[in-house]
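Read from first to last, the chains carry the letters A, B, C, D and E; within each, the first residue is number 1.
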Amino acid sequence: MLVGKVVGSLWATRKDEKLNGLKFLLVEKQLNETEVSPELVVAVDHVGAGVGEQVLITTGSSARISFENRTLPVDMVIVGIIDSVEYPKEE
Amino acid sequence: MLVGKVVGSLWATRKDEKLNGLKFLLVEKQLNETEVSPELVVAVDHVGAGVGEQVLITTGSSARISFENRTLPVDMVIVGIIDSVEYPKEE
Amino acid sequence: MLVGKVVGSLWATRKDEKLNGLKFLLVEKQLNETEVSPELVVAVDHVGAGVGEQVLITTGSSARISFENRTLPVDMVIVGIIDSVEYPKEE
Amino acid sequence: MLVGKVVGSLWATRKDEKLNGLKFLLVEKQLNETEVSPELVVAVDHVGAGVGEQVLITTGSSARISFENRTLPVDMVIVGIIDSVEYPKEE
Amino acid sequence: MLVGKVVGSLWATRKDEKLNGLKFLLVEKQLNETEVSPELVVAVDHVGAGVGEQVLITTGSSARISFENRTLPVDMVIVGIIDSVEYPKEE
């Protein structure tokens, strides 16, 4: 799973019907305590996350099965809002 | 999921029968507001997208289950045409 | 999905029985109109592709379900032989 | 599968209920005997691993099926604590 | 699928019970005829491969279904021992 920070949102009116009602958030992948990936990804919110929050992301088929309807065409879901991360202390 | 821009198309007459009737679009992956990936990918259109449009892409098994027939041998599908993306403001 | 070019073949006598009779082709991943990935991959042929041909490749679980027997231990399949790719014109 | 070293932990109170009771560990991916990936990942512990231990990690749908409840929205699980790795001797 | 060379082994006594009896081999991914990836991976042997042998690897859910018990928490399996690879001739 990945640690990310919500940095924006995305809207798409013309989309697969099964995606109606879902919130698409733009997420910056945090590689470690100080580095982020240049690649922003889109994750479906499942826990009420907002811009600026640090989140836990699940990908692949494991992402879609977090929903009641397990056949949603989604491959990245926010499954938790992180309280704290205990990063390794500098040796 | 990924944000991409449709930049071209692809035709293949000799193909798995189950792929007949599908539209294959060439998509440029948008890493963030200013950078794109050098790697173009092929996504099956599911929402009527056209060249130049910004699109939302689902990958893996979650891609094929967006179709009625969930056993299509496809691993990348365009599931939305993006209206707008709210990218983070420069700090 | 990926665009690739068949560049060679591979033989393995001692293998999982379920793979018997399959043709393993060595494929060069084409990133865009001018660049290829240094990483060659192995894809199972499903449409009669040959060395030198440009092909469409599906990966993951969606690859194996292109076969009648959906439990083949394969994760990359050639599902089409490409006629033409309309790459974006240089701006 | 991947070889990693547990370097920290992560807590998330507001999360998908199905994740309740799981332990989220921060893991450094070990590329080979001397190099690690800069990208830390989050894996769910399934064998009682602790900080500093070298672990074996499974990813994707194969990760979640290591649990009794195969519909947990997790895509990375620690399935073993490594006793020893026999790395290739320098030629 | 991937071409790799077995370069070592790995042992883990404390592991998911479902992994008991499996042989974990350390594999060097061969990118092409002359280059290898710096990242070593762990694959479960399913065909009696040994150190030094060139092997064919399947990943993801397609890997675990090569076993009778399709719910093994493994995502990389050696499904063949390679006799020969016909790499493209230098142009």
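Simple rule for what comes next: contacts are C-beta pairs under 8 Å (C-beta built on N, C-alpha and C of every residue); 3 or more make two chains touch, one makes a residue touch a chain.
All of these numbers come straight from a predicted model, not from anything done at the bench.
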item: Separation of subunit B from subunit E, taking each centre as the mean of its C-alpha atoms, in whole Å; value: 31
item: Inter-centroid spacing, subunit E versus subunit D (mean Cα positions, whole Å); value: 19
item: Where subunit E touches two or more other chains, by residue; value: 60-61, 63
item: Category of the chain touch graph - line, ring, star, complete, other; value: ring
item: Going from subunit D towards subunit E, every chain in order around the ring; value: D, E, C, B, A
item: For the subunit E and subunit C complex, residues of the former touching the latter; value: 1-3, 31-32, 35, 37, 46-48, 56, 58-63, 65-66, 70, 77, 79-88
item: Contact footprint of subunit A on subunit D as seen in their complex; value: 7-16, 18-19, 24, 26, 28, 38-44, 60-61, 63-64, 71-76
